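Next come two complexes, and both contain subunit A; in the first it sits with subunit B, in the second with subunit C.
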Partner chain A sequence: MLRFTLKRLISGIILLLVVGTATFFLAHLAIGDPTVGLLGSSATPAQQAALAHKIGTDRPLLTQFLDWGGHAITGDFGTSWRNFQPVSGQISLKLPVTLSVVTFAIILSAVFGGLFGILAGLNPGTWIDKLVKGAAVVLFALPGFWVSLVLVVWFAVNLKWFPAVGYVQPTMSVQGWLRSITLPAVALALGAIVMVAEQLRNAFIAVNGQDFVRTLRSRGLTQTRVVLHLLRNAAPASLTVLALMFVGLLSGAVVVEQVFALPGIGAMTNGSSQNGDIPILLGITVVSVLFVVIVNFVLDVVLGWLNPKARVQ
Partner chain B sequence: MKRASALALVAATALALSACSGGGGNVGGGNSGAGNTALNIGNFADVTSWDPSLADIGFDGPYLSAVYDPLVAVDGDGKPVPALAKDWKVSADFKTVTMDLRTDAKFSDGEPFNADAAVKSLEYLKKGARSQEAYLKVAGFKKVDADTIEINLKERDDTLLYFMGLGRSYMMAPKAIDAGTLAKTPVGSGPYTLDSSSVAGSEYHFTKVKDHWDAAAFKGDPLAIFPIQDQTARDNAMLSGQINVNYADKAAMDQATQQGWNVAKKVSGWVGLRFTDQAGEKFKPLGEVKVRQALNYAFDGAQILKAIGNGLGAATNQVFPAGMPGNLPGLNDKYAFNLAKAKSLLAEAGYPGGFSVTMPMTQVFQVWQPSVDQTFGQLGIKVKWDNMQYMDYQAKAPTYPMFVSFLAMDSNPVATVTRQISTPQWFNPNPQMDKFPDVQAQVSKVLAATPDAQPAEIEKLNTLVTEKAWFSVWYQADNVYVSASNITVTPVTGMMFPTLRQISFKG
Partner chain C sequence: MTAPLTDNIDPRAARRGSVLGRFLRRPAGAISLGVFAVVVLVAVFAPLLAPHDPNFVDLSLFKAPPSAAHPLGGDSTGRDILSRLLFGARTTLIGAAIAIAVAVGIGVPSGLAAGYFGGVFDKIATWVSDALQAVPGMIILLIVAAASRNSFTFIMITVGVFLMPGYFRLTRSTTLTVRNEAYIDAAIVSGLSNTRILAKHVIKAVYAPIIIQTALTAGMAMGMQAGLQFLGIGSANTPGWGAMMNDGFTAILTDPLLLLWPSLALGITIAALAVMGSTLSDVLSVRQPAPRRKRRPAAPSSVDDATTGALHYEPAAAAVQVRNLKVSYPGADADIEVVHGIDLDVAPGEVLGIVGESGSGKSQTVFSILDLLPAAGVASCDALWIGGRDVSALDRKDRHKLLGSKLGYVPQEPMTNLDPSYTIGYQLIEPLRSVHKLGRTEARERAIGVLTRVGIHDPARVMRSYPHQLSGGMAQRVLIAGAISGHPSVLIADEPTTALDVTVQAEVLELLRELQQEYGMALVIVTHNFGVVADICDRVAVMKHGEIVEVGDVATIFTNPANDYTRELIAASLDDAASRTELDAAYDTTERKAVNA
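Right after this comes the complex of A and B.
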């Protein structure tokens, strides 16, 4: 298990290095001279040169990369070119917004996806099974922004149960925070719920037909105990989907944050791209990849624990 | 039964959450009728910077005017009006402006506003990367006495007070300037202070300053500004009552009609082709006036406005804002759409089969790209598009002989003369005035004319550059603002979003 864990860890670090390096050079190639966008059209060439010197873009690209990389390894992503505040500090302000929504969406997906998946898997061919399968097709096909808009129109505009836009920090009001992230999380979760439900349903049906389940039932175990056994055997597929969903939802948050005007990582990415604020973009990229690596690492470890064969493979 | 219970639980949770009003958001209460003074503004963009020297005039008006007072403000027509400067006098040679300052204003950190503070702020603004545009002709600032200052100019500048009023004269607390902390923590003498409950990039809450010298002009209380880039999200926020002033579009205008809200609009920028080489130094065809005129006749501005601009704007071929000084309605038919005439002018200029041209393009302007493709195709002009990021467009577009543009306009006609015609700008780095002595002479007349004679000289200049087809203007686009029935917004050409001074409550 230790060797398995180390291998996963090393591959994650390599991924982080490769993506960080590629993003650095691609971003600098895509955004030529950032000083025009940062200072506005009225800035003089002298002011542009002064800013270029201040942010270090007057140095060779390789020097800039080594400088950035050396600091990034220690967790220092430099300062924003726009407001000169530390990148890590700004990301730490925005990350909780995105993570609040994504984590809430994952919880909703796990709970409701698990519930519907188990119900459909235990009752194949019944109305609930058909409902899950039908909903899977429909909800997965619906574009995220459309679902978001429908939710806003129903629950914010017509019923006025939730705010249409904005974010409330949990330190200001826990209820306000829950209200501000509910609709975005539901919008993100709808597709994930049906994905998880369908995966779990299929795995349940496959496991339910195996000999050991018949043996369990013949020993007189209650239905709840049998379901728990089924769940452990059927869980890996759904866990993989949930992990993939987490990564997908991080990128999906860009659209949802725009529709609900949430000040998260997605909105920050959008704004930094428009302003040519490369340090922010690089910081976001590294942090996002870090999350992907961590989630995949945890998933591999859990799958290895659930299924020893995975460790060997 | 279980399903019904589950649904009831979900509904109860939602209702319980909606019943709580903590923290932020003002669901349902934002755009009700008279008696409600809550002002919740849905702005397009986030604040560029809380430091006025680095801030943009565009959409920063509501943010900065909340926490800072300007020396000079502008009215709906862009005319300078008193603010912290109670009145001013311009010397006979137009090179000295003497301002009489208020003595009853103080900064939110307790420092008094006086001549020393005003001079310090102005000197700071003169050095600012963005704010300096207003003070290019200023030699220096001088304290005369405790409540009087002088602005000394190197040469006459009829746009100084206008630019100061647009948002280039916000006064900052001297200690905050010295500390270099304004970008993060604004310290001004404005009618509000920024509240700590604000969430950067999402919603900014402000606390009203009760003893502000002009408190009566700022009735909005509480005040919140929401930067919401997505138009649909802003419209939904307006419908849900979360905001009661919206930077709007056609859909929001339709909503306003249904809901009985107020709509205010005014032209903000012109759309068309910006020529950068009217002398034909780098691109010979544009040096021919007939070619430039052909490019005016060939575009059906009224139709482009209708089809792409949703009819929100004015079909005019001038860079002076429609309905404002300098713009001449009689000139609008000068280049009435006539493709045959355009072809014939091209032939007369020696380009019967058109010519080839390379132009820049970026996502923002792609909406007008098919119009250019189609029109140029009909004229035989072969266009090659160089696609680029919007960030690069500002830097690179002027290196091409012409480019598709949306250029902001000014209320002040002299500002239009200098920005659009005579002085280098990002969109026109080389105005080539020396190649057009008649235009240069007329610009000189405008800048030297007495205030009474100036409008007539500006109209002559407008006629001249229109006849010379200095630009290919298709139409001028409106900025639209929708507000609740008890709120009135007065748009100002030159600001993408007006300041709080232009947002008032009825009654």
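Right after this comes the complex of A and C.
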């Protein structure tokens, strides 16, 4: 178990290093001279040279990489090329917004995906099962921002149940905060809910067909207790999907935040990419992948713990 | 992303009949393909269909309402919405085509190679594919957009790269499955080159799932493309649905129609693709009969109402008595009856054997008594007396209250009948606490007691163990312990010794007999082996093709079987014994010779 954990940890660190390096060179080589984008086309060559010297892009690329990489390992992603504020500080300001929405979406996916998955899995072939399958096909295909727009028009503009745009800090008002992230989270979660439901349904049906379930029933256990056994055995497959969804949600949040005008990393990425503010983009990429690596690592540990054969040796 | 639709594809199904025909016969298939065909036609003939230049700005058209010349009005820059919508279809489809060409072009060949050859390439390619799935694509896409000065082509190529893992994983796993088929080995032995094998056999199996995956991937590519346009990425002169949605969204409060048209276009196109993929997947999937809900038929289904078997006891005096039991399963056309109306009973303290070969309906009979038939199975009977009470009219919940306390069940296959995720202790204690309402200590003591009783020497350690840590014989003892822990008045054992080693078989049979006498239970033992019957049964019912052909005392049936089939079964079990004696004798002689030599 310890060896397995260590192996996954090293694999995650390698992934971070590779993605960080690849993104660094992709961004620098592709964007070329960033000072044009930063200063606009009206800047004089002298102004451009001064800025290039200030942000260090007048040095050889390899030197820049070693400088950036060396600091990045310690969690210091340098300063923004536009406002010269530390990147880490800016990301840590925006990250809570995105993580609030994504975490809320994951909770919704787990709860409602679980609920629909269990209902469909226990009643295969019935209307609820068909509904879940039909919804899975269409909702998973539709992009999150499209769903967001429908939700905004319906619940925010027409019914006025939720604010259409904007973010409320939880320190200001917890209720306001929840209201401000509900619609974005629902928009993100709809596709994930049906995916989790579909997976759990299939896992449920597979487990339900196994001999030991009949034996459990023969002991007189109630349906609720049998369902708990089914859930426990279907959990690994469903958790895997949930973890896979996390990356998708993080990606989807970039666009959904735009719809709801949430000041998260999505809006920051979009702005920085248009300006060619490479340090911010690199910081966001590394931090996002770090979260994905953490989620996958936790998943691996939980899966190992859930599997008696891996736990007991 | 995973591809849930491609899980159950049967490669052979692609060759059965006309796939297109079956696809089109389904309303969902015909409609979705029709809608998508319209989108394609619009995209191809956009220059002819569009009434105006999509980029021509006419300031009088600024957010103009629909008119004869401009059926959908004008946008917030003063351009004709209908024309932009029609040309937008073109952008959407070209973008999706680029992304898919890249995704298929990289994903499929690398998946084929990784699955077919394995080795280092497989390891590296799988790692890269997993790594790509760990990177939030939208962030990298924004970097590429900035780097390429919003080049539409570059962005869609990158989208393709991020959609590639879906194809890679699908192709790799399908190829791996085919690779392990015997006919591929045969092709290799017969000297076919790898290229020919890949082209002839592997591609054949892979192409159907890939088409389905493409329907889904195209939808995703369109979604990502529109999402990027919505963020304001892309040239203003490229008419796109996502850009139009952005334009409409900013004017949502004043001119909601600006948002409606492009949203509808994108939503309908993606939904059509998703439904196409799903329908194609259904058409190509292995047909499984939909399990039907359990229902209680009011009248017995067969016209011929003569029952087989016989009743020996008054209903109230029997431990179990069933009259005219029928079991059927839904078939392709009509229900298939597997048990045709049998009468059977067993008295308290009696051991009844139900003998027959596989498919004779003996297991179906006992599962009906337990009310544990598979979901699709339907049982009906005139009466079912358990412990002096007719329970045939009870609903499922009340029937299941008999389980554990009145009826105990010992299954056939010990290794698959314990929940792999829980300890033995948990599985023994849970029913004692929740069904039999024992306290924590009491339940634990009872569990240890029954484990000791069934011959387990180290009950405390076994309680802590998981099923995979036990041997088959141990697991069967645990299952017997679980069945008797609630002190049932009837113990039903379905082939309890079939899966065990010969030496363990005798011990388990002996244990069942001891327990039956100790607890005064009725024991119903299902078996195909007359040796087992001779060993422990008082009475025996012989089943064949869902009917009881003979029932009576074991001694009478052994000495004077009335039925030919019974005679055959007895002879078969004696043959087995005889041949084993001969084998033993042969072994003895050869060994003696070896020793003497």
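Details
Keep this in mind: the second predicted complex is superposed on the first by the 305 of 313 C-alpha atoms of A that agree within 3 Å, B and C clash if a C-alpha of one lies under 4 Å from a C-alpha of the other, contacts with A are read in each partner's own complex, and residues count from 1 in each chain.
One rule holds in what follows: contacts are C-beta pairs under 8 Å (C-beta built on N, C-alpha and C of every residue); 3 or more make two chains touch, one makes a residue touch a chain.
Quantities reported herein were computed from a predicted structural model and do not represent experimental measurements.
Superposition model on subunit A: subunit B and subunit C are shown in a clashing arrangement.
In the superposition on chain A, contact of A:45 is made with neither subunit B nor subunit C.
In the superposed model, A:220 lies in contact with subunit C only, and not with subunit B.
By the touch criterion defined above, A:176 reaches subunit B but does not reach subunit C. In the superposition on chain A, A:60 makes contact with neither subunit B nor subunit C. In the superposition on chain A, no contact is made by A:75 with either subunit B or subunit C.
Looking at the superposition, the partner that touches the larger set of subunit A residues, subunit B or subunit C, turns out to be C. Working note: subunit B versus subunit C after chain A overlay, options 38-46, 110-118, 362-370 or 434-442, clashing stretch identified as 362-370. Residues 30-31, 37, 149, 152-153, 157, 258-259, 270, 274-276 of subunit A lie at the contact with subunit B in one complex and at the contact with subunit C in the other.
If you check the complex, the residues on subunit A that touch subunit B are 30-34, 36-37, 39-44, 47, 51, 83-85, 93-94, 97, 149, 152-153, 155-157, 159-169, 172-180, 182, 258-263, 267-268, 270-271, 274-276. Across the complex, subunit C meets subunit A through its residues 1-2, 4-5, 7, 131, 133-140, 142-148, 216, 219-220, 222-224, 226-228, 230-232, 245, 249, 252-253, 256, 259, 263, 266-267, 270-271, 273-275, 277-278, 290-293, 370, 372, 375, 397, 400-405, 407-409, 411, 413, 416-422, 427, 430-431, 434-435, 466, 468-469, 479, 482-483, 486. Subunit B contributes residues 14-15, 17-18, 20-25, 27-28, 42, 46, 49, 56, 129-130, 132-133, 183-184, 197, 199-203, 226-230, 232-234, 236-237, 239-243, 389-392, 394-395, 425-427 to its touches with subunit A in the complex. The touching residues of subunit A, counted against subunit C in their complex, run 15, 18-19, 23, 26-27, 30-31, 37, 123-126, 133, 136-138, 140-146, 149-150, 152-153, 157, 195, 198-199, 202, 210-212, 214-223, 225, 229, 232-233, 241, 244, 247-248, 250-252, 254-255, 258-259, 266, 269-270, 273-276, 281, 284-285, 288-289, 292-293, 296, 306, 308-309, 312.
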